[in-house]
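Please go over the structures that come below.
Shared between the two complexes below is subunit A, which pairs with subunit B and subunit C, respectively.
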Partner chain A sequence: MGTYVIRRLLQMIPVILGATFLIFTMVFALPGDPLAGKCGERPCPPAYAAAFREKYNLNDPLPIQYGKYVGNLAQGDFGETTNGIKVIDQLKARYPITAQLALMALAFEAIIGITVGVFTGIRRGGFLDNLVLISTLVVISIPVFVVGGLSQYFLGVRLGLFPVTVTSANPTFYQLMLPAMVLGSISLAYISRLTRTSLVENLRSDYVRTATAKGLRRRRAVGLHALRNSLIPVVTFIGFDFGFLLGGAIVTEAIFNIPGVGGYLFRSIRARDGASVVGTVTVLVIVFLFVNLLVDLLYGLLDPRISHD
Partner chain B sequence: MTDAAVAEVTVAEPREGGVREEERSLASDAWRALRGNPVFWVSAVLIAVFTLMAIWPSLFTNTDPREAILAESRSRPGDGTWFGRDIQGYDIYARCIYGARASILVGVMTTAMAVAIGGGIGMISGYLGGAWDATFSRIGDIFFSIPLLLGAIIFLSSLPEFFNDNYFLVIMKVVLALAFLGWPSLARLMRSSVIQVKPNDYVQAARALGASPSRIIRSHILPNSLAPLIVVATISLGGYIAVEATLSFLGIGLQPPAISWGIDISAAIVGLRTTPHMLFFPSLFLSLAVLGFILMGDAVRDALDPKTR
Partner chain C sequence: MTTTQDTTTPSDKTSGVTYTPEDGLLLEVEDLYVEFHTPDGIATAINGVSFDLHQGESLAILGESGSGKSVTAQAIMGILDMPPAVIPGGHIRYCGQDLLSMPEDQRRRTRGPEVSMIFQDALSSLNPVFPVGWQIAEMFRMHRGVNKSDALEQAIRLMERVQIPAARDRVKAYPHQFSGGMRQRIMIAMAIALDPAVLIADEPTTALDVTVQAQIMALLDELQQERQMGLILITHDLGVVADVADRIAVMYAGRFVEKADVVELYSAPAHPYTRGLLESIPRLDQKGQTLAAIGGLPPNLMRIPPGCPFNPRCRRAEDVCRRDRPELREVVPGRFAACHFAEEVINA
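Moving on, here comes the complex of A and B:
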């Protein structure tokens, strides 16, 4: 177990370096000049421009710029935006909001998705099963920005069940509820289908038959024996999904006016603010890798046949 | 007629043992299952209609989608046009028809490119194994750890102005971004199915007979490992269409004057409370197109998987 974790952590290093390099290269290639418009409606004085370029290493070629960036990053320094604001402060203010949104979406899709999957899985071919199969397909095929706009209109404006937009820098649980449901809606459909398929397959397996044969009630045989093993693909999906939720939050945040990392990243790309973009994505990649390591460790808990030794 | 022919053949060439089993390959078996599946026909019709729309939009409408009649701006469905007019006075029906081209082109070309890159790399790492496998898997991990939407936004912003020259280049820009970030999941899939097929006896036999690696791959490994790739590629085709619309919605993918459902939805979302028809029709077309490909992938998977029969 210990060596497995260490090996996985070591494997993460090249992935993080590669991903940051990829992002860094793309940001380096962004057209436009970060100095444009910096000094009002006239070009910046040469002395200021030179000092600015020196400070942000803009004169160095790409590999050296990247090397300097990684060197600072290894010491926990995310650099400054071109406005002189520390990127780490921005990330500290915004990541918790996006993380809360993503976690709420994850909880929503996992709880409802698995419940629906179990109910349709144990009554395969019934009315509920067919209804869920069709409605999940419909949900999957509607893009998230359409779901967002429609639910904002019907649930927020028409029925007044939820706040229409987020109005403060520290959104409450209630304000984030509708955005989280929108964000998690597509994955909810995937999770319920995945749980259903996987449960149906496991219900036919020998160990479930044994459990029933030795006199366990159906509830226990399904809940304890079949469901636990069926959750492995579901947990894998949820692990991958966490990263995509953080990334996909960009659309939901735009619709509901949430001050998370999505909007920040979007503006930073437009403003050609390299440090912010690379910093934001780096944190995202690291979170994604750690969540997936956690998922792999969870396998051992769910299925005793899987061991990491 | 066919039955008679089969009967004749059976009489003419009786087999040893007297019982003639009909020879059925996986493909003909799958086709037999597909033909009986109404879901397959629904999706086939949807895909056929949208493809026809993309190739030959004038078959469906004579109206120019760029003909702006401002006097009738935001008119309701039925006031002289089928779907009403949008804020620019464009005929929404014509916009919906012409919007299919961008979506289908992006979907098909991205899938083709991602399958070529992902399938090729997956084949190499699965077949050769060892250092190749390790290298390609790590490279795949790097791309995989960057969320598709975020990566695409940065990638699209960093492309030079050259790509905004004409319609085809603008489409290619989105295709490149999505294929660039979308191949790793297909590569992983291909790798795992090649690893499953490789140890089979017929592959070993071919090698023992002295077949060259390219021949082994072409006539033994590829046909037997392609099925999962086809299924996932069909489903992701729908997904790429949704991502294209999302990028256009965010103002990063296609730009006006290109016609795309995403652009129209993004323009309509401001009038959600007053003119919902402007949002409804492009969303409907977009969702139906995505649904068509997802249903097709689902039907093909069911047909190829003997466990579901």
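Moving on, here comes the complex of A and C:
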């Protein structure tokens, strides 16, 4: 177990290097000049431009720039934005919002998805089962910006159930509710289907028959023996999805005007703010890798047949 | 000082019903029918099966795959999936009480303490995510309300009883960490945990290799003698039956075609199907010769042929076999066979 974790942590190093190098190269290759528009309508004074280029190593060739960046990164320095603000400070302000949104979306999709999946799995072929099969198909096939816009209009504007957009730098729980539901809707559909399929499969298994032959109540045979096995793939999916959600939801954050990591990344790309883009992506990659490691460890706990030795 | 470790709560822990066998008669199966209603039609898996089982007696039900032997076991146990299975007729009485008309909750409480079952594939029949000790202990916890640690202690004793080495150390291990034979021992421990009067073993050794088969059969035999259980042994393996069973019922296409004492049946079968089965056992003295086999396949249960269901495969079949279905009848005292020519077969 310990050696497994160490091995996985070591494997992260080349992944992080590769991911940052790719993103660094892409930002480098983008057309345009980070100095454009920096000094209003006029071009920047040569002295300022020279100092700027010097500060951000813009005169160096790509490998040198990248090398200097990684060197700083190894010391925990994620660089500065072109406005002279530390990228890490920007992320510190925004990441809690994204994390809160991710957790809310995750709770929403997990609780409702598993509940729906269990009920449809037990009463397979019933009215609820068909209703859920069709509605999940609809949800899966509609892009998130349509779901976001529609729910914003109907649930926010017409019915007034939820705030339409987020209006402060520190959104409240209530303001994040509708965005979280929109963000979790597609995964909700997947989770309910996965739970249903998995449960149906396990209900037919030999050990559930054994549980019945042991004289257990049906509630225990289904709710403990079958469900415990059915949740293995579901929990794995939820963990994996959490990694994605922590990467920030660019579209959802844009629709609801949420000041999270997704929106920040989007604006940084448009502003040609290389340090912000690379810094943010680096953090996201690291978070994603750690969440994945946790999911794999969790998988070993859920399924004793998996061993991490 | 009195110990109250087996504290019971009224809800589940005591069934409130006691079952006492009259004259040692545990189980009576009477004219049982089981059908499977599938989209393609109705398959009649059990077609009027009757038998009795007494304390300390072992009955082997012998048959090919699809002959209905497992379905019979599952019907007695009450673990058929209904639907698609339907029981259109018959009775299954345990100590005089009809299991089929019993309220479901009362019947559920008979599973484990009264009637218990061992399955063919112990790996898939044990829950992969719970430790084996936990799964055995569940019997005591759910049926008797025993607390966790006492139940686990009883589970260890059972594991020791079925000869699992280092039971105390292995009680927290998972099914996949055991060998096939050890897993089947765990199944047996679980099945006998509450001292059932009837034990049904559905092909308990099919998934095991031969040396382990013998050990498991010896264990079952020993446990049956010790506890005077009624044992129903379901198998397709004539070799497995001989040592353990007292009586044999041979099943074909959902019917018993022959019922007899094990020794008598082996020495002189009264049905051509049984004869065919016995002839198809490889024997050392016939080394190098072609092995006798019964030609053809068992009938499709949706279209059982008229007359004797075995007639298309029977070497002896005559017109009467294609026309009239032979009933199970007493050919000589204590020997039953469903064949028009049983007298000739038995004396052949």
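The rule we apply is simple: the second predicted complex is superposed on the first by the 305 of 309 C-alpha atoms of A that agree within 3 Å, B and C clash if a C-alpha of one lies under 4 Å from a C-alpha of the other, contacts with A are read in each partner's own complex, and residues count from 1 in each chain.
Here is the rule we go by: a contact is a pair of C-beta atoms (placed from the backbone, for glycine too) under 8 Å apart; a residue touches a chain by one contact, two chains touch by 3 or more.
The structure displayed is predicted, hence computed values, not measured ones.
Undergrad: Is A:128 touching the first partner subunit B, the second partner subunit C, both, or neither of them?
TA: So A:128 meets neither subunit B nor subunit C here.
Undergrad: Please work out whether A:9 is in contact with subunit B alone, subunit C alone, both, or neither, and reply first, second, both or neither.
TA: A:9: touches no partner chain.
Undergrad: Touch check for A:277: first (subunit B), second (subunit C), both, or neither?
TA: A:277 sits against subunit B, while subunit C stays out of touch.
Undergrad: If we overlay the two complexes on their shared chain A, which of subunit B and subunit C does A:302 touch? Say first, second, both or neither.
TA: Second partner only, subunit C.
Undergrad: Return first, second, both or neither, reflecting whether A:31 touches subunit B, subunit C, both chains, or no partner chain.
TA: Once the two structures are laid over each other on A, A:31 reaches subunit B alone.
Undergrad: Looking at subunit A, does subunit B or subunit C touch a larger number of its residues?
TA: The partner with more contacted residues on subunit A is B.
Undergrad: Just to be sure I read the superposition right, which of the two partners does A:169 touch: subunit B = first, subunit C = second, or both, or neither?
TA: neither
Undergrad: Same subunit A residues contacting subunit B and subunit C, which ones?
TA: Common to the two interfaces on subunit A: nothing.
Undergrad: Touching residues of subunit A toward subunit B in the complex: what are they?
TA: Of all residues in subunit A, those touching subunit B are 11, 14-16, 18-19, 22-23, 26-31, 137-138, 140-146, 149-150, 152-153, 157, 201, 243-244, 246-248, 250-251, 254-255, 265-266, 269-270, 277, 281, 284-285, 288-289.
Undergrad: Sort out for me which residues of subunit B touch subunit A in the complex.
TA: Per the stated touch rule, the residues are 138-139, 141-143, 145-151, 153-155, 157-161, 238, 242, 245-246, 249-250, 265-266, 269, 272-273, 276, 279, 283, 286-288, 290-291, 294-295, 298, 307.
Undergrad: For subunit C, which residues are in contact with subunit A within the complex?
TA: Listed in rising order, the residues are 12, 77, 79, 108-113, 116-117, 119, 121, 124-130, 138-139, 142-143, 174, 176, 187, 190.
Undergrad: Quick one: which bits of subunit A touch subunit C in the complex? Just the residue numbers, please.
TA: Going by the criterion above, the answer is residues 205-207, 209-217, 220, 225, 228-229, 232, 302-305.
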